[in-house]
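Take a look at the structure below.
The chains carry the letters A, B, C, D, E and F, assigned in the order they are written, with residues numbered from 1 in each.
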């Protein structure tokens, strides 16, 4: 990623790529993949919680269903938020200069959509972790287009997976 | 478009393209660009209403601002709905077979996002009509992937632009 | 229905019924029962999916509950959208001239509310199909008040029931 | 209203009218027009605030527009909440026995929809006060169907109009 | 409570406490804990309904899960509404003069948050009734700050618990 | 802040303060003030945009009002999101051990509510910057309760104010 950012810097320096002129719908220029990663982690977390309840099922069926229904609804909501927020950055911020530097961004965005669907439709932890991976990749490309370095750190809360942070 | 649909039919007939196996997030297989076109028409309509108020501005400023603020909010909401609903069809329904037949779909979807932003950020009728055009194009491709013929008819309400309907 | 539309045309021609002056809350004059029918079909579809899962229940209870909870939530949401959208057309568009031509519209609207409740409260396919029937009836009356002819066609997606389209 | 409630009591006592068997969509039997009246009062209040700003317009146009846009958005939201909540009681609670005792309820409900539209579309205090009147009438009929007596008291906050309370 | 209100009146009369100058975000001065109590009652009601289904479980698992999932979702939604609406009154209306007269309000508000969480996370009727108690306490303090007398009456619908009403 | 975190660590080490056992409403233990700071920055950004339009007002009034109404609506929405998200962390995560270490948290939370209201009600950049300050303070306390070090860095997008990040 840093190589890409370096390349983009150089291309911009040479005038071969227009300075990234990101505009949101206002346009406000505030884009940050940080909250999307929290949503993706939450999808994994809900599956961990469901796994825990499978292992320690309460005797009362209603109490069991209360907890399962709530975790499923949260998984649903956060996976949908991943989709919406990735769409906003892809659809509003990414434009010709970014596509030239990162031609894979259309397909990566589309794969995030499919992966978020997979995480919603089932209860596979592997599918949800794969979603975090793809959003991490998306975040690295995003920050690279802005020439902001990134690092991967373990999130300071469960499920404690490595996520991308800007290295400020 | 019909040529594309015909080609897709033939490729599927020859076993060269897998039968389109669209799945929504349930998956429920119910996709329909009809409501998206109504939203896009509404964006044009709001601009027509704003134009009308520019021409016939009431004396009372508060009454004027009440109507302008309401039309702007509706324009905003319906342009956002266009973006969301196009994202759902693109992100959930379109998969490898459809991309092979219609390789332009990533870029068309992205252009709809930018065009909807343009329609929100300003009050240009031309920008809003262009949004309807792009969604019409998207609808034709969608129906073509399902081998459903389409027609363009004048919508039976203002702004009475031509929109794509399945020809059932 | 076409007889009603013809009658309405004639009454308007004779000056006995004021030209339908539909106004939405903007007012924008864009009313279309098309999206309501998609929502009603979705209610049936969710029950078909639930029936399918009853027949092919996965061994893992959590996976089973994940799918059931999601389909029930979708059924709930789309039945509520039917109620809201029918209320908008009934409450904003229908006025004295339409009530004179179609005096049953209050009661039909109210029956749609009760039928949508029935479809939410249980998992009866019959109740959901009845909801589609009532919304079809509502759509025919709506288009008749605008003197737009209609046809019933099989929807090009599951559950493939006959729904009303304007015959443009 | 109390006469109506008395009549309903007697008819029920004579077995001529089935006991009101209200069901919400759960069904939960919790219906209360109280919050609707607060929303209707808020519509009047927003118009009072707009009138106040017309009289004391700040010099800075942006500050003026900020306050007007916010009050208009609140007026819009609360008028829509009136419509939705009246629809729920009318569509879910009112059934044959209530319609027999109060045959005007369809038309009253429809008038509330039109009046709420009028309050949204303009900035007339008279239109908003009329909306409060109609919702008061609706509340009296609702409580009458449950044989709960009502009283009209001045609301303990602005705009301090008389609203219906159950007399418990 | 009435003693507190009396004290507040006297302190204000003596000029020792500034007149309560409540402002909402508009500011509109319309605050009313009535709807919050309806939401809290609904949480209890949903648990009663779940208890009823535990006792009379239908044979069809899908029908059972449909009803449980719907009641859990309603319980979730209304407990969240309690939290949001209490936050609005606490965060927007309560200011220095009210805190002086009722120094326990921060902690009471926080306890409502925790109690609403408890009611969501489980299916304990006791937890939900405790939530109603705390909101009653909050309502009494609120009305006391406005020098409005209150009474506790049995709500005219299930679960028929005693709730606070302004005594107008 | 680090002194506080150090103190909390020591108190916990000595068994004088229970280990922070944060629970969200699932409970999921995922709390992160990062998105709240983005929302607070957005409030400042909208005021900067409004200031820019005051300075460069377009000739067409409708175009001007379109942009102002949209920025005001965004300011409103993001200030409300600040309030909601701060309430969730305060109401769900903070419990007795955290209050002992940080007794000012009730009052700080309440000041954020009032400051967010001030930022919504007017167009003062100072009020919005003060909101960012208070949320930064809240974020530092939050991370301190979890013994996670923090740093203040300039946000990599406008308005480029210093915000708190966990120092991972």
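Definition applied: a contact is a pair of C-beta atoms (placed from the backbone, for glycine too) under 8 Å apart; a residue touches a chain by one contact, two chains touch by 3 or more.
Keep in mind that this is a model prediction, so the values were computed, not measured.
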(message) What are the mutual neighbours of chain D and chain E in this structure?
(response) C, F
(request) Count the residue numbers both chain A and chain B use at their shared interface, divide by all numbers used there, and answer same if that is over half, different if under half. (result) same
(message) Between A-E and E-F, which chain pair is linked by the larger number of C-beta contacts?
(response) E-F
(message) Give me the C-alpha superposition rotation for chain A onto chain F, in degrees, nearest 5.
(response) 180
(request) Could you work out which chain's C-alpha centre is the most distant one from the centre of chain D? (result) A
(request) Report the inter-chain centroid distance for chain C and chain F in whole angstrom, where each centroid is the mean of the CA atoms. (result) 44
(request) Round to the nearest whole Å and give the separation of the Cα centres of chain C and chain E. (result) 37
(request) Please report how many Å separate the Cα centroid of chain B from that of chain C, as a whole number. (result) 22
(message) Can you list every residue of chain C that touches 2 or more other chains, as numbers and ranges?
(response) 25-26, 65, 69-70, 73, 120-121
(request) Have a look at which chains touch which and call the overall pattern line, ring, star, complete or other. (result) other
(request) Could you please write down every pair of chains that are in touch? (result) A-B, A-C, A-E, A-F, B-C, B-D, B-F, C-D, C-E, D-E, D-F, E-F
(request) Would you tell me which residues of chain B are touching chain D in their complex? (result) 60-63, 65-67, 69-70, 73
(message) Quick check: in the complex, which residue numbers of chain E touch chain D?
(response) 25-26, 28-32, 34-35, 38, 41-42, 45-46, 49, 70-71, 74, 143, 146, 148, 153-154, 156-158, 165-166, 168
(message) With touch defined as at the start, can you tell me which chain A residues reach chain B in the complex?
(response) 23-27, 83-84, 87, 90-92, 94-95, 106-107, 110, 113-114, 117, 120-121
(message) For the complex, give me every residue of chain D touching chain B.
(response) 50-51, 53-54, 65, 68-69, 72-73, 75-76, 120-123
